[in-house]
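Taking it in order: structure first as structure tokens, then the write-up.
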């Protein structure tokens, strides 16, 4: 799984019918403290009612289809958790409600 | 999924018979505003009647075979949506019919 | 799928018995015009009787096992088409028999 | 599989119910001697009771769901071994209990 | 598949029971001539009795579980062949027993 920040959203009227009722959010991976951006952005299906600015966990590949909403759909990334806190070398480096 | 622009197409007469009747488009990932190219180009099967210049969503890996057209075919990327608009940090950064 | 050029071949006498009768070609991804090399080389099973110098399409991951020759074999890349022509921004940039 | 060091942990109260009782650790790949960091960090489900500072093996993709704890869950990385020692060019370069 | 050199090995006493009796080798991808290192090292299950210094082919992802030894195990890379020779642009660039 990747630590990522939700940075936006996308809307498509022409899309594969299997993903017609899903929320598509733009995600940007971050460093393990949730601060610096790393790598390239991507779009993930939201499973946990995340919003812009939230720090989340995304999972990729066939893992993304192991849920009732995404089973047998052309989907390769989902948001599967909203992060509450991150601990690095036994120090808390991120807390959602600081 | 990746935000990508359709930049071209490819034709092959010698190909695996399972993909004989598919449209193969060349895609280039972009930044989340749909403007700058990022990463390497690739070829995806078109599921949504996209054309050169369109901004689309592509999905990769086994996800690409979760459709009637691509089921059990040697295919690892499909175009599964044409993007209507992109929103970043609550501002609209791309609209198809501007 | 990736646009790649066949640059060589490999022979192994000690190999998993399931891939005993396959042709293993060395491939190098190229830019969408089929000219500049990009990324790292890899080895793919040939499905379409390609040869050194040919421009081909390769597919990767579980997609590579969606054919009678490669089903249930330890194979993660195949050549699934020989490219006849490539079109970029509505101009033909590569034609096999120029 | 990747050689990685456990560098931290993450807690989420809002997450997919299938991963409710799993331990999510932050991992950083290292060079084959277990010393220098390489690449980007990620989050993996712990299968072997690893802790911060341990050198471990992680596996990725659908491989991560080949265990009772992770079967049919939206999970794409697990810690499947704690490394006891690493040997490079026939010299031991890492030993857990030095 | 990737052309790689076996550079070492790893031993773990604490590991997922399904991989208890496997040999875990450290691999480093090389250029298509088998000479220069490219990319990051990784650990693969040995299927063909390879040893340190051998040039091998590795396969990745779900392909790695298409063998009796690795079926339904948390494994994402295997060594599936020992390379005898490599040919680039119709010249032999590597021969095992030179």
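By letter and in written order, the chains are A, B, C, D and E; residue numbering begins at 1 in each of them.
Here is the rule we use: contacts are C-beta pairs under 8 Å (C-beta built on N, C-alpha and C of every residue); 3 or more make two chains touch, one makes a residue touch a chain.
Just so it is clear, the model here is predicted, and its values are computed rather than measured.
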Query raised in the report: In whole angstrom, how far does the Cα centroid of chain C sit from the Cα centroid of chain D?
Result: 33
Query raised in the report: Roughly how far is chain A from chain B, going centre to centre by Cα mean, in whole Å?
Result: 20
Query raised in the report: Going by the touch rule set out above, which residues of chain D reach two or more other chains?
Result: 61-62, 64
Query raised in the report: How is the touch graph of the chains shaped: line, ring, star, complete or other?
Result: ring
Report summary line: From chain D via chain E, the ring reads D, E, C, B, A
Query raised in the report: Which bits of chain D are touching chain A when the two form their complex?
Result: 7-16, 18-19, 24, 26, 28, 40-44, 52, 61-62, 64-65, 72-77
Requested in this report: Spell out the part of chain C that touches chain B in their complex, as residue ranges.
Outcome: 1-3, 29, 31-32, 38-39, 47-49, 57, 59-64, 66-67, 78, 80-90, 93
